[in-house]
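Heads up, the next two complexes both have chain A, just with different partners, chain B and then chain C.
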Partner chain A sequence: MISIIRTMWLTFLHMFHKRATIQYPEEKIKLPARWRGRIVLTRDPDMGERCVGCYLCAAACPVDCISLQATEDEHGRRYPEFFRINFSRCIFCGYCEEACPTYAIQLIPDFEMGEYNRQNLVYEKQDLLINSEGKYPGYNYYNVAGLAVKGKDKGEGANELAPVDVHSLLP
Partner chain B sequence: MSPLLIVICVLGGLLLIAPGLIWVERRLLAVWQDRYGPNRAGPLGLLVVLADTLKLFFKEDWIPPFADRKVFVLAPAIVVITVLMSFVIVPFSPGIIVVDLNIGVLFFLAMSSMGAYSIILGGWASNNKYSLLGAMRGAAQMISYEVFMGLSLMGVVLITGSFSLHDIVEAQRNMWFIIPQFLGFIIFLIAGIAETHRLPFDIPEAESELIAGFHSEYSGMKFGMFFVGEYIGIMLISCMVTCLFLGGWLGPAFLPPIVWFALKMFAFIGLFILLRASLPRPRYDQLMEFGWKILLPLSILNLVVTAGIILWNES
Partner chain C sequence: MAILYIDNKPYEIPTGKNLLETCLTLGFDVPYFCWHPAMGSVGACRQCAVKVYKDENDTKGRLIMSCMEPVANNQRISISDPDAKEFREQVVGWLMTNHPHDCAVCDEGGSCHLQDMTVMTGHNYRKFKYKKRTYTNQYLGPFLNHEMNRCIQCYRCVRFYKDYAGGKDLDVFASKNNVYFGRAEDGVLESEFSGNLAEVCPTGVFTDKTLKQHYTRKWDLTMAPSVCQHCSIGCNTIAGERYGSLRMIANRYHGEVNGYFLCDRGRFGYEFVNAKDRIRKPMMRHQEVDHTTIIHELSILLKQPGVIGIGSPRASLQSNFALKALVGEHNFYHGVSDNEHDLAELAVKILNEGPVRTPSTKEVETADAVFILGEDLTNTAPILALAVRQSVKQEPSAQAVQVNIPLWNDAAVRGIVQDRKGPLYIASIHATKLDELAAATYRATPDDIARLGFAVAHILDESSPVVENLTDDQYQLAEQIARALLAAKEPVIISGAGCESDAVMKAAANISWALQKRNEQTGLVYTMLECNSMGLAMMGGHRLQAAFNAVMNGHAHTVIVMENDLYRHGNKSDVDAFLAACKNIIVLDHSMHATSSKAHIIIPAGTFAESDGTLVNNEGRAQRFFQVYEANEVISESWRWLLNIGAAMGNMRINAWKNFEDITQAIANEEPLLRGIDTITPSPQFRLAGQRIPREPHRYSGRTSMNAKDNVSEPKPPEDADSPLSYTMEGYRGAPPSSMIPFFWSPGWNSVQSVNKYQETVGGPLRGGDPGLRLLEPDATKPVLYFHGIPEAFKPLEDHIWILPLHHIFGSEELSAKSPSVEKRIPSPYILIHAEDAANLALHENEPLTFYIRHHTYSLPVKITTAIPHGVAAVPYGIKAIPCSELPEWATLKDESQINVYTHARVNVKQT
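For the complex of A and B:
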């Protein structure tokens, strides 16, 4: 009997407690920086595309929502001819981000992607590319890749040694 | 006021307040659960009432092919009719009463017992296991709680010497009956909750065990009827408690009598909702045991002691 009255009293006191509700459209929740939301393609510090079209993200994707076609420009630099993510299939697992060798594909804390038309959830490359370096500022894949592209020969990048001269016996 | 006007006012008021109570209940429950409740549609979310009603109207009004059609349609009407009939004898303030029957309390008890038919017939006509189980529980609960609901009132009737609710309220000019009849008040309140099968005594519907109990098969406006009946039932019990134990319209003169009545009534509606927010549902056998083994002896004891004191004072 006493416990029933106590229960009712304690419930009544909840009137004066702080509300647990976040009134969403007006009030936004603070998302952690590592929240896995919308997928973006980031750029180099010199604003070149980071993606080299290696297909690892498409291979890692458990729901096969990524499709792309790699191609090469005249300087031997690979890039995706098209890059398409079907967000109506995407499960935001982040495996593509883990698989990416060039930090190009990244998941950002944004989930507000509602659409009335399902087809609008298919994002093309121009929708995915952002003018930012994302989570890895200053990272430039071609500077550390040991690969010859335009403006940089083998061994000229950061932390790179000149290629070994195979015709010489000297160390 | 002319009787017809009173009837229209009472009927209109009840049918307007009943859906409004949906909003009140949802907001209050939310407040007690650290939420906001419906606050989007209209000011303070009040238009949710309209949305709910419209939704009920436009839902498919479906009668299952295995149901007993006539009884199935009849059942939801019974609950609303009986509860509305009970309001005939409720004195809202001096003069605002549909009929001042000299057997008012008995009429109320009779009508609220008739409400049990709605549950039984609804559950039976649905031809569904859960509905039938709910109906059986509902019938047993209502009949057993009816017994000492009546007995707990008899203390008040003994002190007043009248079954008329108007006389009962007038007899409380010096002291509200909640003080001399505190036990009766508690028993009547508990029985009233069980009578309207509100939580925590919502054993006939018991969502977690019986889906929705006796109204599992109902949809659209027929379900709405059960719903409205339940809310009017809450109001009825609140009105009765107010009249019988809290001095009805009596109160300090700075507010009109009808306002005092409404205040007391809504305080009890709030209490009903608080009960729902805080207490878990007892098991069916616990409910029956509590009724027959505790409340019934207590109410008889209350009656005997009251009668004894009255006799002692007279002699």
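For the complex of A and C:
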């Protein structure tokens, strides 16, 4: 008997507590920056695509929901010819972001991806690519990778010596 | 045998090897870079350090390079000793100081020996924080990409390219820590074996440029064991597919056939599979039709009498057999010219009925005297040429063995050998790349080459026919060759169909038979023109000319041409007339060509990548290739099309054959020369631990996404009714049987170097024996019946020229020539004549020479040389605008008024 009254009292007190429920979607939840939501492809400081098509995200993906095809521009810079994420399979584990050597693929605090048609959850590159550097501003993979691309010849990257002069025998 | 103690555990091991090989054979993971099982040790990279102890009381030990240390009985070593481990980690750390952080954009990544070795040695984090050295790259041609930044100076590339493959244009430049591996200047790598650099290089300095154009990581490929279709040697390959297109060909180690290497034709010729003009839909009189309709229509059409079938030397045994079964034995014709037909049958007869054995490529490597008659091996059977290159090292390196230098000690052996070479004699029409190794060369027409061969045979054995009217020079050369062959322990005679002369092949047979009486280790090798020439010859069938006659005489009106461009095998006017006379031309093929463009009905056949089949190589070894991927719903193997048509026609015999296994068993039962071909791979029901063998590595990615564009629901993976392989990543993860290894991988060994784990001994046969079945074994007890009929010496004819075909590695073979990278290396049409003939005709280099063969006019730009005989001209075989199917033939140089000039046959030089 006493326990029933106690329970009703506690429930009554909750009427005066701060509400945990928010009125989504009118009211939006504030998510931390490291929330693992929708996957995006970011860009370099020079607004080139960051993704070099190395396939590491696809290999890291435990549900195999990423597929892509690497290709190359005439200056040797790699980019994905297509890049597809099947979000109906994605488990938002963030392994792809961890695996990405160029900070191209990032998970952002956005989860509002509901669709009535499952086919609409297949995102292509144009759906994934954003005009931003995301969480890692200023990073440019080709600056540290040794490879020559347009605008960065051999020896012009960070921590690179000028190309070896093969004809020199000087010590 | 000896006892070796590794970390205090005894192992029984064979002697004569080095410690590194022995440890790898025993299954230990010892890191290495510069050592290569085919090229031996030089001790350059210092990566394979282990500790050696004096005896069991020695606790300190000393570090040695395991690749430079021969094994000894009761030797005690330690691989896991902390000093050795630290040393190895430091060495890899040093090698990595200048290695760039570009694995993400490096094609080697995921199959990289350097990645594997850094992980194996524990150098997981990069400590070097200073500036990294950079190099500019070179353009190396259509096959290879160059990225010198990644080099770790192991020297494997130049050791392979120069020392092993005899290349001249790749070298090491500069000094100290600036050494540069490349060419003196940008340009196409000349060697026919340059593609192997992509596999020999432990990292990504040299990578496959064709793969780069549709780049896929090794872990993402669907791979299957395949057999190269581009020459008669039958090298074993791994073919990899992704997203429905073939992405790369890699070497599949075979201890007897190709070892560790492939030629560039085999490695880069695969792109015809992805060609835009592939036949992908069934067509009936220029209308696209579906699978059911075409089967129905054909079953009605083919029920009428008067149907003949023309097989192909580039189609599998199964396809040829299915065609033979469908049209009946009497209506089955080999789709090769009569000359090719005779040569292939002659080769089978000599190897099957003669007393001499045909050695494998590996055995040619260890031959100590070689005589080549009429073949330009570098262009007709490149891997055999690579083997001959090794064979000339045999005799001089015997001296190294005398002074106790083991043969794997490459630098020391080369120091002793210097420039000396074993006996190699080459008789050829034109200069060959192997000439530089030869003790003597002889340039002559096929008839004169045959005369030299018969002369050598007569010197070896008096009872063989004698050659009349030899010049003194010829006789002396013959004597010199005979002496060298007699002195050898394992002499090998090489000849083949390349110069289209039966006399040359018979002369080679006579030599080997004469030699066999003195030395039972004699070998005789014939190279053939196409990948299944031998298999087709062993199957039996009529001549192509008979097929032409059957239609021309009204006995037949419908022809099924399977995987064959008749214009490559019959002369143009004959084929034109034949095709015009046929009421129904049905072509089963995968690529468009002159014959298929005249077909009324076209059926899309699968290429080797979309097919299962068996080929017989020049050695008589039957080898199976497996389907790599399902192309689409209509493209399938020729034999499957034919079985479906046969079943629809109500042919009870064909109806009983449902899959690859059934038809292969039928061949084994019905073709006496092909008995046993059903045993070369396990049956489709074979399982390991109840599982299939996966075609995909366990880290295959993108399964739930690759087809999602079309439909988000994943389709069921296709099931393979023809083999125990699966089209998925699920299945048995251990080593599969040697005949069906889809890819080489072992934990910690992602690169091709993991082949060590699949071999019984390093560099030896695959575990479970090398795959394939040799069908031709000699009967040494049979009496020798020498060939007679020695040809007359060649005499030039006035106003005429004897035209011979010259083979080119790039261009002479039909399928590889369609590959865009190979296409860039195809020579433009030419006619090669002797300088004196050119002077007589008042012709200069590149001026057109007009000549007439059987009323056809040809005009080709002249190339002038002194390396071919007088009165002879040579044209590149199989290249567009060249009448290769008519050769060898006399051409007239004078335009006689009665000659009817066909304008459509004229070759305009300016256009080409």
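Here is the rule we go by: the second predicted complex is superposed on the first by the 153 of 171 C-alpha atoms of A that agree within 3 Å, B and C clash if a C-alpha of one lies under 4 Å from a C-alpha of the other, contacts with A are read in each partner's own complex, and residues count from 1 in each chain.
Going forward, contacts are C-beta pairs under 8 Å (C-beta built on N, C-alpha and C of every residue); 3 or more make two chains touch, one makes a residue touch a chain.
This is a predicted model, so every value here is computed, not measured.
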item	value
Contacts of A:Thr11 with chain B and chain C, given as first, second, both or neither	first
Partner chain in contact with A:Leu147 - chain B first, chain C second, else both or neither	second
Touching partner for A:Thr21 - first (chain B), second (chain C), both, neither	first
If touched residues of chain A are counted for chain B and for chain C, the larger one	C
Touched partner set for A:Ser132, first chain B, second chain C, both or neither	neither
Chain C residues touching chain A - in the complex, by the definition given at the top	100-105, 109-110, 129-137, 147, 149-150, 173-176, 178, 180, 212, 214-217, 219-220, 243, 699-706, 708-709, 711-713
For the chain B and chain A complex, residues of the former touching the latter	31-36, 274-275, 277-279
Residue ranges of chain A in contact with chain B within the complex	4, 7-8, 10-12, 14-15, 17-21, 23
Contact footprint of chain C on chain A as seen in their complex	52-56, 58-59, 61, 63-72, 78, 84-86, 88-89, 101-102, 118-119, 121-122, 124, 141, 144-148, 154-155, 159-169, 171
